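Should a chain be cited, it is by its letter among A, B, C, D, E and F, assigned in written order, with residues numbered from 1 in that chain.
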Amino acid sequence: MRPNNRNLNQLRAVTITTDFTKHAEGSVLITIGDTKVICNASVEERVPPFMRGQGKGWITAEYAMLPRATEQRNIRESSKGKVSGRTMEIQRLIGRALRAVVDLDQLGERTIWIDCDVIQADGGTRTASITGAFVAMVLALGKLVDRKQLKTIPITDYLAAISVGIMPNGDAVLDLEYLEDSQANVDMNIVMTGAREFVEIQGTGEEATFNASQLQQMLELAEQGMTDLFGYQKQALGTYADLISEREA
Amino acid sequence: MRPNNRNLNQLRAVTITTDFTKHAEGSVLITIGDTKVICNASVEERVPPFMRGQGKGWITAEYAMLPRATEQRNIRESSKGKVSGRTMEIQRLIGRALRAVVDLDQLGERTIWIDCDVIQADGGTRTASITGAFVAMVLALGKLVDRKQLKTIPITDYLAAISVGIMPNGDAVLDLEYLEDSQANVDMNIVMTGAREFVEIQGTGEEATFNASQLQQMLELAEQGMTDLFGYQKQALGTYADLISEREA
Amino acid sequence: MRPNNRNLNQLRAVTITTDFTKHAEGSVLITIGDTKVICNASVEERVPPFMRGQGKGWITAEYAMLPRATEQRNIRESSKGKVSGRTMEIQRLIGRALRAVVDLDQLGERTIWIDCDVIQADGGTRTASITGAFVAMVLALGKLVDRKQLKTIPITDYLAAISVGIMPNGDAVLDLEYLEDSQANVDMNIVMTGAREFVEIQGTGEEATFNASQLQQMLELAEQGMTDLFGYQKQALGTYADLISEREA
Amino acid sequence: MRPNNRNLNQLRAVTITTDFTKHAEGSVLITIGDTKVICNASVEERVPPFMRGQGKGWITAEYAMLPRATEQRNIRESSKGKVSGRTMEIQRLIGRALRAVVDLDQLGERTIWIDCDVIQADGGTRTASITGAFVAMVLALGKLVDRKQLKTIPITDYLAAISVGIMPNGDAVLDLEYLEDSQANVDMNIVMTGAREFVEIQGTGEEATFNASQLQQMLELAEQGMTDLFGYQKQALGTYADLISEREA
Amino acid sequence: MRPNNRNLNQLRAVTITTDFTKHAEGSVLITIGDTKVICNASVEERVPPFMRGQGKGWITAEYAMLPRATEQRNIRESSKGKVSGRTMEIQRLIGRALRAVVDLDQLGERTIWIDCDVIQADGGTRTASITGAFVAMVLALGKLVDRKQLKTIPITDYLAAISVGIMPNGDAVLDLEYLEDSQANVDMNIVMTGAREFVEIQGTGEEATFNASQLQQMLELAEQGMTDLFGYQKQALGTYADLISEREA
Amino acid sequence: MRPNNRNLNQLRAVTITTDFTKHAEGSVLITIGDTKVICNASVEERVPPFMRGQGKGWITAEYAMLPRATEQRNIRESSKGKVSGRTMEIQRLIGRALRAVVDLDQLGERTIWIDCDVIQADGGTRTASITGAFVAMVLALGKLVDRKQLKTIPITDYLAAISVGIMPNGDAVLDLEYLEDSQANVDMNIVMTGAREFVEIQGTGEEATFNASQLQQMLELAEQGMTDLFGYQKQALGTYADLISEREA
């Protein structure tokens, strides 16, 4: 039995609150079960040095956890004076994933900064970050359209992410909470588009391995979860949802 | 006229939400107008090296802002690899202020870590942090009493903080929001106990000065604000409020 | 046509030179086409603090490039004073992958430090590092057996890694060199065991996506490449090859 | 009785030596009792990036202690690779205080760098730094007048600083030396102008509090000390003293 | 008797392999006994800020050891986040030495970056680095001549370096290997030009001293070693050797 | 003609003021011409980790310049967050030099920290630091004898340092001031003992070289300078001078 009696292919409760803070162009609080992430999207009217003069935009992401987002308090990365490998890995992933559905040429020489700050962690913080950040980013881009700085929202498709895994008893499960995550043999994060194409697959079996059939089960679970996630995103986007097109699966 | 038609001696709306996140021993969201700070108190069963073997406890604080807590996005201090002077100044202030009302001997060799994370800033973030952190700290200490790790809550009095200032027109005002703060000639932060004694006074007139009479007006405004703040704190503490004594003013 | 007229499923030339440097317990130079990596394995008779007292060993990896391993000179990370996100991601991957085939209990409270230093880069440096590091690690463990510090080599299976990808023309290809890597729509790194089970799958389509059928093609190519890689590893290990068992595919 | 039989309202011996080092535009050694601080003012013909193009100048300060300025040797901040919170707090205070009496428009796009290096510490190093730095700054500005780079010294008033405190026996005292400082219940630093207006009040009662009457006593002591300090500054400034006007109290 | 039966004035075996890696404009592997250093020279078409606009070039060097170049594994400097004093000292020495034989005016506004990476250490890594780096630098400059970016190789003389020392038995010895180096009373590194003039002498007797006569013996040994080193360099340079002139001794 | 009409073999005016600051066990201000360095020696009753348990002591040195010790203000190394290569080189030299005349066994498990802080620079700061630090160190050791913590001062000989050089006109000169130093073809620093033996020779000819005859002239000048320096040191040491023996030249 899974914690909270969830089915193997069942997501935890998802809420996406928009306009969570007032300054960011796009601001979202996403909760997936007890995982809570503030996703803010900020517009900067220039691009990083390596992109200048190409007429293209850029999407970059940063990720952090509040020190007491977790069971044990973690040392603040600003106090340590450096960002951990785990944080770097996650923020690179978020940025890369989002860029896959943005038309950077259409965006123009602008940067969208995505800040994902985990205020409470219970597994799946990086996938929740991507799912919430997509909404925050669209809201920020929508604001540029409202202000006539862009003609259309330069998004080519929906994008969401979810975790899947293999439990010690062999079950493939969707959306692992922390208790499951810490016991799973295999942990896989999958980022997909509305068209159900893969943007990123990251599967790892620390001190365990997995075979092609298990991989297949996990991919199918992930695809099932996506349908719900895209639904929550559309609902949160409200009228902006009509301005972006979900490519057909 | 002040923004939002406030009187010179009027606080903004204050809310203190307890149990805001689930892992911290004490967790509070304090909002003062549009300023919103998560204050988490974590218990660690040891003290820093310089305190070891004295049988006394320690209170230490860290403060940060989410990058987009402000009008303009700030660079994350973990990315810069160092904590700014402003942040250091504030976190030293918070820790020092809280220690003034804790009986460290009675606390025993434990550290209470206070994390104040500003998720939305509109002036007065350091004073809101102190006011909220006091509640989070009492909740964490109350949990130690509940778990029989402490006999009583080792708090000697209530503690809150507020800003006051002198506006260009000469008005002394209570609880400056950002718009006022950025125009004020004088900015002063005051930390007081339930007994209406001072714990900390920090007043500064950058590119301006103030005289003894203006100082007096600001101190009086601050004392008026304290009454309301202690009321909000008591309400938030619920049954724990009975376990700590407010010294008579 | 691929550069150098390679077939879609053809590895570049692979050589694994053992005892490349004299101080390391296991030292290997692996070359895959023009990619050249020194993989040194060092034995330390203790484990990091978080592992102490559990009677288990640890495998950890570091990865770096010489500044002029690449077409353009890169700034040395020691001069920058910090390790890049890319480097962190790669060294975490190498360590995690190797740990999947080591019996850490049998290893005892020892750390094997893996140092992968790229002296010339032409694509696939992280997968070459894993493939070479496996050999260096077995050589170091073999030395512990020779010195009677271990009874057997605590390795549960062979381990190698290779890159696969989807080119702009839709071709799925094995073992991308730099020229291909910089043009590919999808880039995937796969780590497998001798039993042909997955240890790690990392696939990413920056500014592109891939579907289930393309994923399948890439996984098959990777599995074909593994057979050759395990062969090169066995040859390099010489008599030590007999001391470890390849699990049946 | 105070150490050295000082009266409660008596300063320690003060000396201000000008032209202490030869390269700085303004160079002062200030000694207050056994506290000795070198204050150098350097002129730079540009302002920091955030000030450019406004036609205004800037004053910035740095503060440090020699490692053995104190009873116990302190680790050098350059060796630790970061500046402590205490240092940051002090150097921000020095810069802010000095800017209060400089007409930055009249200064033009120049930066005055103030370096306060404590060579011997015996309490009151930050207030001695401000008092000495004022003299060094005026000397540097006077040199700009001598060189015809400025028409007048753009100073609006004198500025000095002193510490006051409350001892465990309840006495309010002026100018605490280290022995007193380490025992005092309340420690307050006050920066005032020649017109006896406040520029900065920083009072703190760590593990103690103070009431309005005690605050009043401390403010009066500080004002008494100022008269002497302005006298020492005038004497040190020599003919430059005539070029700046002390506003009437 | 010296290790390996070397005479007091005998160098270890020397090899200089050119074109060791493919990307660098000049790439050399130098081995002196068991000391092995990769020396890469990279051309950058600009100079550092402090040199701009003077029409002159610059030579700068970086030095590092692979973590397991030594008997005991060293912590990687990129992981420590800073470069050690020893490394800084060596890389400053290498750059300074090479600049002594380059006509920087003739080089024009270009930087030659020298990267010396020790892959195996057995004493004399800094002198081997200089000797190898000279060859790598000439090869890089030769490539600029081949590409018609320079008319001639702007080198004024040959340059090599060697270590000498005084052993506990009083013997002066040439080219100390690690075993000797760790026992020697005096350790001296000497950089000379083809004309047998000194560019750098660095002699140190930690916990020992040396007199004028011993100094004389060491200088003579060094000069003897130079003849061989210049020979190896000429051989390695091949046809480029004719493009640079060795000044007569 | 040299600046100030000095002879080629003439030192600048030298003063050594003892007890310059009050906290350090040994405190000296040394001035050589316009170069002024505070040299403090501090005793710590333990040794660094790598020395523990050997019953031997350690001498370590740190060196810094005040930001405005020089003609142009330098950025403070604590603000930059790292120590420059030049600083590291100098502080390693000072420590190494002093250790050559200390009997570390006799010192016992103690560290003498030497802090050399240049308050005004005019050439020769590193040699002035060594000469002054020797006196500060002996004073600190003398204090240990006075306190009966040591039986005798564990010093085996006097130690001083001086610079010599070759000017563009070919003159060999003693004790270069900044103006000369910045023009010299060759710059050499020599550390010698009372017995006139070498402890350290560091000679460098950036963009110039020197021959054996010039080396000889410089060594002779340095030896002449030593006689005066040892005289100033003895005078400064007063009665402690009798407790240490100068070995005969």
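Note that in this section contacts are C-beta pairs under 8 Å (C-beta built on N, C-alpha and C of every residue); 3 or more make two chains touch, one makes a residue touch a chain.
Chain by chain, the UniProt names read as follows: A, B, C, D, E, F = Ribonuclease PH.
Here the structure is a predicted model, which means the values were calculated and not measured.
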item	value
Chain A (Ribonuclease PH) to chain F (Ribonuclease PH), fewest steps along touching chains	3
Chain hops separating chain F (Ribonuclease PH) from chain C (Ribonuclease PH), counting only touching neighbours	2
Most widely separated chain from chain D (Ribonuclease PH), with each centre as the mean of CA atoms	C
From chain E (Ribonuclease PH), the most remote chain by mean C-alpha position	B
Approximate Å spacing (C-alpha centroids) for the pair chain C (Ribonuclease PH), chain D (Ribonuclease PH)	60
Centroid distance [mean C-alpha coordinates] between chain E (Ribonuclease PH) and chain D (Ribonuclease PH), Å	51
Rounded Å distance between chain A (Ribonuclease PH) and chain B (Ribonuclease PH), as computed from the means of their C-alpha atoms	34
Chain A (Ribonuclease PH) residues counted as touching two or more neighbouring chains	81-83
Contact graph of the chains (line, ring, star, complete, other)	ring
Complete ring sequence of chains beginning with chain D (Ribonuclease PH), oriented so that chain F (Ribonuclease PH) follows	D, F, E, C, A, B
Chain F (Ribonuclease PH) partner contacts - residues on chain D (Ribonuclease PH) that touch it in the complex	21-24, 27, 34, 36, 38, 40, 42, 44, 62, 64, 66-71, 73, 76-83, 87, 113, 115, 117, 119-120
Chain A (Ribonuclease PH) to chain C (Ribonuclease PH) touching residues, read off their complex	82-86, 88-89, 91-92, 96, 99-100, 104, 188, 193, 195-212, 215, 219
